[in-house]
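What follows is a set of structures to go through.
In the two assemblies presented below, subunit A is common to both, partnered first by subunit B and then by subunit C.
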Partner chain A sequence: MSSQLNKYLSISFINIKESLTYIWDIIFGKVIFIALIIFVFANLWTVVFASKGEVIPGFTLAMMVWYLVFGEAIITSIGRFVKEVGDDIKSGEIANYLTKPYNYIVYKMFVSFGKGLINFTLILIFGGLVAYLMVGGVEISLISIPFLLIVALLAMLLNLVIASVISLFAFWIEDASSLNYIYSKFTFIFGGMIVPLEVYPPLVEKIASFLPFSYSAYHPSKLALIFSFESFFKVFLVQIAWISFFIIILIFFYKYIIKKVSVNGG
Partner chain B sequence: MKKENKTIISIKGLKKTFKTKVTKPGMSGIFRNIFSPDYKYIKAVDNISLDIKKGELVSFIGPNGAGKSTTLKMLSGILFPDSGKIKILGKDPSKKRKELSYDIGTIFGQKPQLWFHLPPIDSFNLFAKIYDIDQTIYKERLDNLINLFEISDIINQPVRKLSLGQRMRCEFVLALLHNPKILFLDEPTIGMDIIVKKTMRELIKKINEKEKTTIILTSHDIGDIENISTRLVIINHGEIVYDGDFKNIKQKYLSKKLLKITTEDKIDEKDFKDLTVIKKSKYYIEFEIETHKFPLKKVIDFLFTKYKITDIGINEMPIEDVIEEIYRDQR
Partner chain C sequence: MAVREIISNFKLFIEYQKIFLKSAIEYRANFLLSTFFMFLNDVIWLFFWYLLYYKLGDINGWVFQDLIYIYVFATISFGIAGYFFGNHKEIAELVVKGKLDFYLTLPKKDLTHILISKNSWFDLGDLLFGILLLIFMVSVTKVPLILLMIIPGVLILIGFGILVGSLSFYLQSSESFGSTLYESLISISLYPGSIFTGATKFITLFILPAGFITAVPVQLLHSFDLTWFILLFLFSIALFLLAIYVFYKGLKRYESGNLLYVRM
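And now, the complex of A and B:
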């Protein structure tokens, strides 16, 4: 088991190393764009707070903007996972992966996880810089940081596991990007990536905060701003539960779908 | 080379059919396609049986779409046969793919496995972990391969800065790190120029001779296996057309060459009266020669002494023509 994990972690590591060789490309191509979104929202929230005062009880202007920084960092860091799986299938590249002693989907997850850690750090630095310059900082206690990191990593993992399940549809229909589009919009809206769920009507808020999407954006971001050990354990346990749930689906689905593979280009 | 007489790959009655949608013509066809698509069934592999012994070098040659790659993909366990049996080292690849991956190395043409932005050594180190190779064994193995493929001065340069030939050497090292008993090379020469193809042939020979690796390679170009003594399996429409020594085929069907010559002087018809002329104009001629009757060197020497040649092309007979002749002879 540990040698297996070691194997997959080496895969993450080599991708971190490769990402670092084109770090400026990531900064210019992705991070600056996200920093720009944060800039736009910071302006938007400044106007809203000036005219309306508080939008959600307990959330200051700075908290609102930093909430978005955390949400963006977690959600967008994993990149275009579903598209990459689709591309492997379309190009026939998958033949290279399926002839190795590892599980293809787990391999891809660790590739994305490695690249994701770099993206996450960069978005946090650059997005955080924009937020700090526009609206100032927020208070985060030092003790909470390791716990927040755990929740952030699990949030990325949950996002990846769901994306993996969706990506398997590509074995069937060649291209699962439409399904991924729907999923990513669900995460934006019902996952509370852009705004906290409290802005929605109470019933929508209740349902959305129960759904798995909110455990990869809303709950972790909110926890970073309003930390308590009680909410940490609650978020942590539910994240583990959802991750396990999707891993079980993934295992069964993968076993079924891998028999349908028709490798292109030959 | 002395070969051990042990069968390590056995294929019996292998069949694979692909189902593809047929596009109906016209606008109405587009709509009909959505609701009631028609399917076409293509027999990619149709009843292929063969045994491969340890240490053999086998080339699957055939036109595009003949079923060579499909066969290879079924052998590596990534495609499932409709019927028939495959045993590799006594195991069924569709059931024991992961287990067999430790014994099989693969190179798929135009699908590189090296990390593009990193030096090859990083990819080597990762593959050592992926294949669970013991560190001491790995170091020794890597040293051997580095010497064999002469790559010691390039393993620390980013792959993107290497030439195609250098990259290919590294791809081979990567595929051989786990000391596979069998190596599958699927269209390894695709998109390569003559010089790199030559390097490739030398590498394949070297691996087969020095490492005693059993190799199966596929190609649509019979010229690819020139100078490699190999067992030749010609596949067409999913069936085996020929299975035997390459030399026999070479003597019988590959002695014909197609020459295309452009000259500055007028071409004299008399010079070509014993040859099959295909096309001729004042300064251009296209003709076939049978090299056992007219050795290529003699013909070319003669042409260069008599004419001022501005362009010359020498082509092999295309595989489609070879297959056609084999069919004709079988009838």
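And now, the complex of A and C:
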């Protein structure tokens, strides 16, 4: 078991090194785009706060913008995972992976997790820089940082596991990019990546905060800004529960699909 | 001669549309899914703005109806540019992977042929969404002016796409950066123009000209200003012509690679 885990961890480590090699591609590609989104929302909230004051009680202008920084860093770190799996399936490339001594979907998850750690760090740095220049900083207690990192990593893992389940639909529809598009929008909006769920009407807020997407974005981002150990334990436990749930679905779904997979020649 | 060339290119455009239609019928599941999911994507985003405006009332004087206008201009422009001139976003890839060879060896105007030889089913979803918004959510008195002001939006999208794609003729490894610039243009055009002021507004007009795709047309719908109306058209035509110039100038530097690929 430990040798299996070492194998997959090595894959993550290799992808971390690869990401570091092509770090400027990542910065001039994805990271700058996300920094731009943060810039746009900083403009939006600055204008709103100037005319209307606090939108959510207890959330300052800086907190609204930094909320987005944390949410973006977690959610967008997985990159084009679903598209890559979909491309492997559509092209038949998956046939090469199925003959290897590792589980294909676990392999792809560890690849994505490795790259995701670099993406997460870069977005925090560059997105944070934009936020700081536009609206200043926020207070985060030093003691909360290790706990926030745990919750952030679990949030990335939850996002990745859900994306893995979605990516398997590519075995039927051949192009899961469309599904991923919708899933990502759900996470952005109803997962509370872009704005805290308190902005929405109470019924929408209540439903959205119960869904798993909110434990990838809303709950971790809010915890970073308004930390308490009680909230940490609650978020931590629910994240573990949702991750376990989706891993079980993934295992059964993947086993069912692999028995039926056929690859076109060429 | 010029008229004959235009007619000839138009006939080629029609033939490509026939091929695309056959492809859509053949792969109808993927076609319908791609179109539907982009449509749904637009619905979700507009719903988000509805929820935000429900909470805020207005954002610096712009109300939710203004967001509807934004989405009408944006989605119809994206749809026309993406569905009928799909390769305007792919210039960089064509250059870097040596795929221009196919076009250079044919007796058709290179850039025109490049632009019309690809379509995007996703963008059809945008187009359908925009048209439905126009029919059901916009007063009929505003429709003629809206349709007129979509033309500069399309020219800016295609022109900007060609411009950033043509960076690949001059700079190695600029594909990613060019793509980021294009996606940034798309993204900024979907936000209410009222949030941009001062220097930021200048950037969104004259550097990343998203403002001319949506914010300026929406402002003109509120209070028509002839100067800005003329500027809208002049800027879009100037950008488009600049893009054509930069492309053909860059084409002289193009070197093919040895990569073989199947054009499907």
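Convention: the second predicted complex is superposed on the first by the 263 of 266 C-alpha atoms of A that agree within 3 Å, B and C clash if a C-alpha of one lies under 4 Å from a C-alpha of the other, contacts with A are read in each partner's own complex, and residues count from 1 in each chain.
In the analysis below, a residue touches a chain if its C-beta (ideal position, glycine included) is under 8 Å from a C-beta of that chain, and two chains touch if they have at least 3 such contacts.
Everything numeric in this text was worked out from a predicted model, so none of it was measured.
Asks: Identify the partner contact of A:V195: answer first if only subunit B is touched, second if only subunit C is, both if each is, neither if none is.
Replies: The answer is second: A:V195 touches subunit C but not subunit B.
Asks: Looking at A:V47 after the superposition, I want to know if it touches subunit B, subunit C, both of them or none. Which is it: first, second, both, neither?
Replies: Once the two structures are laid over each other on A, A:V47 reaches subunit C alone.
Asks: A:F233 in the overlay: touching subunit B, subunit C, both, or neither? Say first, second, both or neither.
Replies: neither
Asks: Taking the superposition on A as described, I'd like to know which of subunit B and subunit C A:Y181 touches: first, second, both or neither.
Replies: So A:Y181 only meets subunit C here.
Asks: Kindly classify A:F252 by the partners it touches after superposition: subunit B alone (first), subunit C alone (second), both, or neither?
Replies: neither
Asks: Scan A:F210 for contacts with subunit B and subunit C and give back first, second, both or neither.
Replies: Touch partners of A:F210: none, neither subunit B nor subunit C.
Asks: Where on subunit B is subunit A touching in the complex?
Replies: So the residues of subunit B touching subunit A come out as 18, 68-70, 72-73, 76-80, 97-98, 101-102, 104, 106, 108, 111, 113, 115-118, 122-123, 125-126, 129-132, 158, 186-187.
Asks: Sort out for me which residues of subunit C touch subunit A in the complex.
Replies: Spelled out, the residues of subunit C in touch with subunit A are 29-30, 33-34, 36-38, 40-41, 44-45, 47-48, 51-52, 54-57, 59-60, 122, 173, 176-177, 179-180, 183-184, 187-188, 191-192, 194-197, 200.
Asks: Show which residues of subunit A lie in contact with subunit B when the two form their complex.
Replies: Its residues touching subunit B are 3, 6-7, 10-11, 14, 17-18, 21-22, 91-96, 98-102, 259, 261-263, 265-266.
Asks: Within their complex, state which residues of subunit A touch subunit C.
Replies: Subunit A reaches subunit C through residues 25, 28-30, 32-33, 36-37, 40, 43-44, 47-48, 51-52, 55, 173-175, 178-179, 181-182, 185-186, 188-189, 194-195, 199-201, 204.
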